[in-house]
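Just so it is clear, A, B, C and D label the chains in written order, and each chain counts residues from 1 on its own.
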């Protein structure tokens, strides 16, 4: 409808501002923390911050693509847990870590494929499917590893996953992440594939009529998400030197919250990877700073919640201001835009 | 254009086509299918363990489902409007504690329940106002309020807890009592469920919830007060979460700052299994209630069959997927059959 | 090639000890000790940490508490270890959610000169200086069986309702329970099942129901977790099994008061969590003061609580648990 | 329906000096309009002239920036669609606005269901009244069937029924006939005439000029948001009307060039999709425009969808230039040189939330690529080229297509597909909602494409269009191809006979 089209257009520009705003906010938080928070600026703390945020960031990459295409995967944390558990179990069997890792990655691919097939072949809603696999994968992890906690992975791997380059703030693991980030950014924002994802997310039917292989693309995305989730699972187990079936429990909500904070619209068709990653690190940095400032975990939860609500309210308010400004003449009834989740 | 109007329709009574009756049946079948799965499950369990359907067993089954049924009923109203409320678990937790705090000082149970419901309504209003006035995505807002309410709850509650010892005996007994195998709590849930279902089907504003979930834009053009309805749905959902909190207190006699943590996923699962679609506009509260019953019963069935609890989670997930997949496949099959049939009769 | 488990076997083993203890060194004042429980807002840990706070105040040192709001948020706990390291506390007392996950961070902390004491739930021995154990695992496991056996006249089927399958301390106790049951005097008692309620009220509830349905002849349940015993007691007290199926385990007097009084539970046991926290505080201060290093055989004085000796692998036992029943329960408030 | 004996000269509803802008676009400037009881009033204008905007202002969807709405001579402010409805104004919007999950009966009576005691809905009465409405429109739609899956035509019918159910004093219809074929249109006009007799005022928009002449008494023309004229239709010719709308004279409306047909480009053999169409075989040659006619629901769209691959077929074969296509794969069909301009532009043709540029670019994701990455410059110039060629009226190429008027959206869909340089072009209702001027443009374009050797299959419910443009006419009836009529023999009678199944 006409009016909502207008507000949509304004919202779009506000959205562009929003992921910029998250980025700016991140920089402000970092600068403030450097100057005012004791213990924040030193290299060790920064490497902690980055290292602890990496799992969320790793999963946020494919999750952003998935959400842009209008789907969601809530089973990522369970997939991560499962591959960690399998890694532990196989390690206990005496297999070499060099064989185990590819097996676990393959397992992630299978997990993602299962999600993808259920969504694309049966046409089931991904939210429902992945709530199911969230339980199923975690359950299988529990069956595989039971109550064991495997901790004795080889030191060179543990060191890679938790160590940093010399005395700098750069964890080793940041480098491969940056490569993956670059790949994801290019894939989403500069390739025909990425372009078509936006179309699929905004209108699946129109995309299909434009010859885009919607199902295949979604299948690929779910598979990649599974792969990245298992990579995260492996990283998690090594980073924390502990493979348990309940590794990374609840990580999916953190990822979703961060991605939402970065301005990715869960209706599909909108968002940028820059925004998503800024959202991830903004949450990570805030948590780090708040902990250093002795803000209790409970209050941190409230802050996260308030940020989330603001992340959607702020652009809305900005939109209203710009509509009001743009339109003394064009004062269209502000009752227009339909609400949708 | 010259019209060679070839009178396309007979002016006689349009017969109710066989196709439609089939459609009707299919729509009812969605709930029937869940019911069937549930019954099969119960029967199998009973064959494996004759204690399962003892009076105590039935009572337990009903009691276990009660709280989830209530919250799922409220949630499905919100989902029908194409929104979602992820904060129900937090609301349940904080309402339960509020009711408990009041009762601890030796309060009146009825007032305590009212207090919990009011608190739920309050949070429901907050969600509803944010979503409908702010016109912002419900998923984000309620994920935000999930955190906010949980945070406030834990700051307020701290490490305090309320145990059965602090509560009036009558209140706690009410939580587990009932008429033979039928607990009081289940009766409350049933009454709420039936009233809600009747309202949704037979009242204009109830139908409007479906309409605005089905096509928000068209709802606005049809003059439906969209914001008011969404606000009402959230408020109702909050109220039921609050009520569920009070019943939780009565049932478990124990609340702390973690009560209701992570409940949102269970509720969403129940609603989804019950056939309430996330894109809004369809599904029924009976379906959601059956979904809730099915999910909680799985958790009773597996231990009763002696399945090691290691397996429970995986089986739970697989059953959830099976439930929605089977439902979908049946729906697809019937749709194809319908189409062919239509063509032949068309 | 490749690296497998066998290649790394030789690593790890004993607790991290360094330097030499000087039992006569002065007790330092003005230290900061950070308590990091499995979960803040957990009544049990709050009581324990309060005990720690009290002890530290008496010793003239500073107390602080940080921690995740969920007992399964291991990564959260790791980042709190990092935070404490950043804040340069003198010592930290940690109840580990996971024996391995905290290791890297804890070692990092010890490298920075911070003394690490674990309490309630241990990590691997080389990741901390000492572990304060709530009671010897053996004593706990065996006494719970004895408690139940007395109530059952040494006859009947019994089951265990534990917390998470991964809970290290629970699993150790269960092992000792099984061992205790091998004694011929228990020949008429049979452990039919170990169920896991994941320290969640509702799950523990349903697990209890399941136990009773699956084993109609069940006579007794041991639940060595405060959440589990509470849920089981609440279920039993509202069901036909009240008083017929005996329940014991680890619970707090405040939680269990009602059930003891209404006859659902005869007796249960627990150590005093406040004492546990206090001992952890004393240990941390003793370590920082150089009075102990965590080696077996070292001794130190913990205020009114008396003198403690460090056992194998740096483990310090708090002592015997207290048994609560109708007679004495009103004397306790925690 | 209230019977008004005094169909006097006072307008029921009037607009006075209304202006409305969307950002920089001035959709309406100082437009006035009067609607009298007992009169059918036409609103004419090119795509984007502001007709729909005017209607939405009347209906309370938009609030005017300046000017007044007068109800029975009194200035009124409509705060929302509900206000206008309560004032007795019923509106059929250009795009159907149904609730897909609800039954047809509920769609029609949403918000106004007959009530029983205690405010409960009377489901029986709702059902019965819907049946009565359907009978009045002469269609056979089951009131209990959900609206999801209704064809565009059926959706439009439900919209009409909804508007009729109001017993409104003012009925406003924005292109209600665009999706309908002759027989439904005739029915609708019958109903409109009855309403007129009863004293209702009707405002009617259509790009089919003959319809305007057939039923309207006065006509108001808009051009670029400004009022051009408002006058009785008596004595006007189609050319007069077109001149007012377009501002110049138009050439021949159907400028079909005669082209020598080349070899077969698209060959469909015994194509069957169970329950939808059966045993459909035909060829389209290079340089040929083949019309596909039939009544609503005959299965034309379904054949096109299957050929293009968005639906799977159950049996048969489709060949392009002798190479057979994969079942259910639009991407291979596109690669083989096939293009489909779909019927439903909002759901299928366009991604409404994307810009004009990107919508047109969507079919060129393979061609506007350099080293695997998007070449934005190439994408933009490709989109600009085609938007200009098809005279799309827009403010900026980066605006979302949802801000365009209906007709301009249709042009974007055409641009999107013509930009692929297809060998075989299937157009499904290509000129639905397109104004006369542009329609001629589109026809010239199709004709030009054919002359350049493209094989064109044109599905249209607009019979004059089919007769004017097609070299051959294929006719479908109930999922089967019932006739193939060469241009020389194609007349309304022969086509309709085949379409209704009266002749083979």
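Criterion: a residue touches a chain if its C-beta (ideal position, glycine included) is under 8 Å from a C-beta of that chain, and two chains touch if they have at least 3 such contacts.
Everything numeric here is computed off the predicted structure, so don't read it as measured data.
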Which pair, B-C or A-B, has more C-beta contacts?
A-B
Just how far, in Å, is the C-alpha centre of subunit C from the one of subunit B?
38
So, in whole Å, the Cα centroid of subunit A is separated from that of subunit B by 29
Whole-Å gap between the CA centroids of subunit C and subunit D:
74
Return the distance between the CA-based centres of subunit A and subunit C, expressed in whole Å.
36
Residue numbers of subunit A (touch at least two other chains)
1, 142, 146, 250, 296-298, 301, 335
Where subunit B touches two or more other chains at once, the residues are 154, 217, 219-221, 257, 280, 310
For subunit D, residues that touch 2 or more chains besides their own
61, 80
Quick one: which chain pairs are touching?
A-B, A-C, A-D, B-C, B-D
Note: in the complex, subunit A contacts subunit B through residues 1, 4, 118, 122-125, 127-129, 131-140, 142-143, 146, 250, 253, 256-257, 260, 265-267, 296-309, 311-313, 316, 335-341
In the complex, subunit C touches subunit A at residues 1-9, 11-12, 40-41, 64, 66-70, 72-76, 78-80, 82-83, 85-88, 98-104, 108, 124, 164-168, 171
Residue positions on subunit B within touch of subunit D in the complex are 1-11, 13-14, 16-17, 19-20, 23-24, 201-204, 207-208, 210-211, 213-215, 217-225, 280-282, 336, 339-344, 346
Parts of subunit D lying in touch with subunit A, wherever the complex brings them together:
21-23, 52-53, 56, 61-63, 65, 79-80, 308, 310, 329-331, 333-334, 340, 342, 347-354, 358, 361-363, 365-366, 369, 372-374, 399-400, 402-403, 416
Show which residues of subunit D lie in contact with subunit B when the two form their complex.
61, 80-83, 85-86, 91, 93, 97-102, 106, 110-111, 113, 115, 119-121, 123, 131, 134-135, 138-142, 144-146, 182-187, 208, 210-211, 214, 274-276, 295, 297, 463-464, 478-479, 492-493, 496, 500, 502
